[in-house]
Amino acid sequence: MKISIVSRFQIKKSYLLLLAGLSILVSCHNNSTLQTTAVTKQSHFARGFTINKFDGYRELIVFSPWSKTDTLAHFFIVRHTDVIPEHIPLEKVLRTPLQRIVALSSTQWGPLVSLGEISKVVAVSESRFISNPLMKKAVAEGVVADVAGEGHYNIEKMLLLNPDLILYSPDPTGLPSVLEQAAIQRIPWTDYFENHPLGRAEWINLLGLLVDKEQAAQDIFDSIAFAYMQLCELTAIIEERPSVFADKAFAGQWYVPGGKSYMACLFHDAGAEYVFAHLDSEASVPLDIETIFSKAGQADFWRIAQSAPAGYSYNTLKAENELYSSFSAFKKQQIVFCNTAETGYFESGALEPQKMLADLIAVFHPELIQNHKASYYKLLEP
Amino acid sequence: MKEPALKLTQLEIGHQQKAGRKIVLLPPINITLTEASLVALAGINGAGKTTFLKTITGLHQPISGDIELFGFQPNKLSRSELAKMVSIVLTDIADDFYLRTEDVVAMGRYPHLGFWGKLKTADKTIVEDAMYKCGIAHLIGRRLISLSDGERQKTFIAKAIAQDTPLIVLDEPSAFLDYPGKLELMTLLRNLVREQQKTILFSSHDLDLLMRFADQLWLISPSKPIISGSPELLASSGKIGEYFNRNKLAFNSITGKFQSENSSAQSVFVDRNVTHYYWVVNALNRNGFALSKHDTVGFHVSDQDGNYKLTMADKQYICADIDELIHQILKQC
Amino acid sequence: MSSIFGKIPVGAIMAASVVMLILLGLLNLFLGSVIIPPEDVWHILTGKTQLDDQVKQLIVLQYRLPQAVTAIFAGAGLAVAGLLMQTLFRNPLADPSILGISSGSSLGVALLLLFSGTNTGLFLSESGWIGQTGLIMSALTGAFFVLIIISWLSRIMSDMVSLLIAGIMISYITGSLVGITKYFSQKEDLQAFVLWGLGSFSNVGQARLPFFAIAVALGLLLSVFLVKPLNLLLLGERYAANLGVNVKRTQFFILIISGVLTAVITAYTGPVAFIGLAVPHLARNLLGESSHRILLPAVMILGASLALACNLIARLPGFEGSLPVNAVTSLIGAPVVVWFLIRRKHLYSNGK
């Protein structure tokens, strides 16, 4: 379905209600509430943060994924050009637009690139694995620095850059002490805990707020959400769902996505039946190979995502473990493969759930989408 | 002419250090060990007795010189042949928990056994025999760690016997034994020599024992060449004193004992025919008196109808027993 | 000849052990995280299968059976390696890893993880065939590297105690090198390394099994040739030499055989703890024997049984996941050994 840019804006408001209705009906496992008042705005899909809109400022709360009651961060965002209201504690204020952001993970700077704000990024981590051409160039030219890798932070380098914000991945034990020493404003980034694909994508709104491009971010998100929902519509009425399972074993343990996980949601929305949907977990669950084989041995499709710069094939898979070749999905050559090295899965995947969904639908139900060009997933060539 | 059990020619024993340095413990050794004899190796502590024994049994490399075992050179023999030629008893401790006495003794048969080390009936008989000879037959089934030191020592001696070698070498075998045990051991060794024509070489500190039982003594010293001879010859010729003398100790060739030298000690002459002459001398020595060869000294002890007559310049005393005699002499000093 | 239980002869205990081994082997085939009715398992094993039982057949023949066979060989091999080490060093605390050989294989794996991750962008946890074969090859390389160093050291060192200390130092060095490589590894590869280090009998698989089994069997066979000198070494080097043993050469062979067994097994199963240390003690305690003529077959059977038992417990639970083998071997084995050690103090007194 092709809709022109102009008409998309025009029909946006009327589809908002439709989105709300569909989202409850069609999409999976989201506990969002929808408010249409103009004063406050709550996330539709993302549970990890919330942005409350007030006159002249915004309130940003980042929730803890490990405890229902804790919050990881609480800020008040005020534009440089605006006055700080008196009742707001000064230490919690962030003036926007921020100019010097340290973005340690690719899902943090990726949306900034999409917003055209790559210049606001001063530092990233593990730059040698970056595939985005714009960022690669920036790093190569020295415009963006590399300040972290393999779990270590180069705190001195970070401080030298004089950033005004650090985005980082938190862990349950609390803030890494090195960052505490930095005494610079920090925002924890927990997008990977979102179990809904749109929830993950919606974090672009947080970034938009930080660089004073709220509307642009919202627009991007809305178009993603819209496309995603439309695809969900396609599969909503499907009755015949092929079965699918995911990932591989290592050292006798096979971690499968939980029944309430991101992958499970994608599978469901793509019109497939996830073999382990009954597992009541958002995280991955380790299972014994026997169990997996007995439950997924006859499944139709097998989703595998891994880095394979040298390419990948059925033979490669078989060489890893003979048992793999006995899976029905293998024999029928129905492996849904994403080469993370080539597709930039980790950099752009979070922001393009609609493309991933489209890829999956094209595999599971090819009759629904014609002439589809795969961005992430496609059937592994025999 | 039969080959001697052991023939050592210009043998230098010691330790070879790196860079060609060597530590030689004794002057070059030239000596022969005749078959079917019980020979004791004696010397002061640290002289090199243990190194000597280890060298001649092939456990330690000599610095230079020749060793001949029953006419053969040890380094030309296979290990198995050597194992059937000489057996050793050391002061090593085997600390395994589960070995039984008969297991240890049975290992003495290993050089004679096949690949798996399985004992035939004849071997088992030899093992039992050896244990019986050593007086430990009643310890069959007991674990090594539950034995007393003496019992353990006997077990290893039984092993050497079971090994059935013409030459047996023992390092301080009487070390852990009580006095009767020491005597038993010496008797056993002597019997092995007499009845089975074994050649036995052992080292010991226990001079009293050596003098009584050994056919030959080998005396070693870092500064003098090794000499051999019968105990009596070496004692009476003063050689023992030469090789063993230390400050304040001298070997008394009459009594055959080491005594503290005390030139100012009071001399006493004792008639040879007094009752328990040996013990009278012992008591006098112990109380610090020197035994005189001559009659013309202050104190004279002689026999009087089974009692002791103590004669001094002008007095005479009759004592019924040794204690009284000593008491009397001390009173006069 | 009576054993530690007093009246029960050694032969009876050995026979009972063999029976237990067979039983455990069968249990490993019949039980698993998926419930397969015994009749079906039996049919699969005897070759009378129905065509629609593909899944079950696969589980039994391609998953459970290779695992059981791997456990048997690995258990027997590690137990023998442990016994050899304990006799060589006359130290009851010695085990196959004491000379740093399994540390060496850890180092090989850690280096593979490090280089595959950072140099080529190939993360082992995601990477594919390098995953299994590469792991085995790198583990073998690391282990043999250490074994060569140890062999060379054994030539130039004057006595076994010095070699033991050198081996422990090598363990420390490789251990710290592993730590450094871990420090620079990706999170995912760290997890992969940890998983490897937990030990598993399921990595061998049907295709690799023959090579593994033959290599281990060779090591076991060679160890049997050392029965006599091993016994004599119990008395100490000097007595052993006097009784005809070429002590230096024997020590070298013991080192090599134990080292190769350990290297091969660790490469295929990861470092499995405890079996090498505990089983010789168990065997000695159970049989009241020190003679290697009895101990060698005994530790093979007991080692295989223990490995099977631990594998069973690790996979069985009744929940759909599985426990790491190392955790089970230690949890079960340690208390048993302690119990036996307490029991044997009566050897000091009445000595029977």
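Observations on the structure shown:
When the chains are written out, they are named A, B and C in that same order, and each has its own residue count from 1.
In this text, a residue touches a chain if its C-beta (ideal position, glycine included) is under 8 Å from a C-beta of that chain, and two chains touch if they have at least 3 such contacts.
What you see is a predicted model, and the numbers here were worked out from it, not measured in a lab.
The chain with its Cα centre farthest from the Cα centre of chain B is A.
Put simply, the chain nearest the middle, going by average C-alpha positions, is C. A separation of 51 Å divides the Cα centre of chain B from that of chain C. Averaging C-alpha coordinates per chain places the centre of chain A 44 Å away from that of chain C. Chain centres here are Cα averages; for chain A and chain B they lie 90 Å apart.
Contact residues of chain B toward chain C in the complex are 54, 57-59, 79-80, 82-83, 86-88, 90, 92, 94-99, 103-104, 107-108, 110-111, 113, 115-118, 141-143, 145-147, 163.
Interface of chain C with chain A (complex): residues 32-34, 54-56, 58-59, 62-64, 120-123, 125-129, 131-133, 183-187, 192, 195-196, 198, 200-203, 205-207, 270, 315, 320-322. Interface residues of chain A, counted against chain C in their complex, comprise 128-129, 150-152, 250-253, 285-291, 293-294, 297-298, 305-310, 312, 316-317, 319-323, 326, 340-341. Of all the residues in chain C, the ones that touch chain B in their complex are 90, 227-228, 231-232, 234-236, 238-239, 241-246, 284, 288-291, 293, 344, 347-352.
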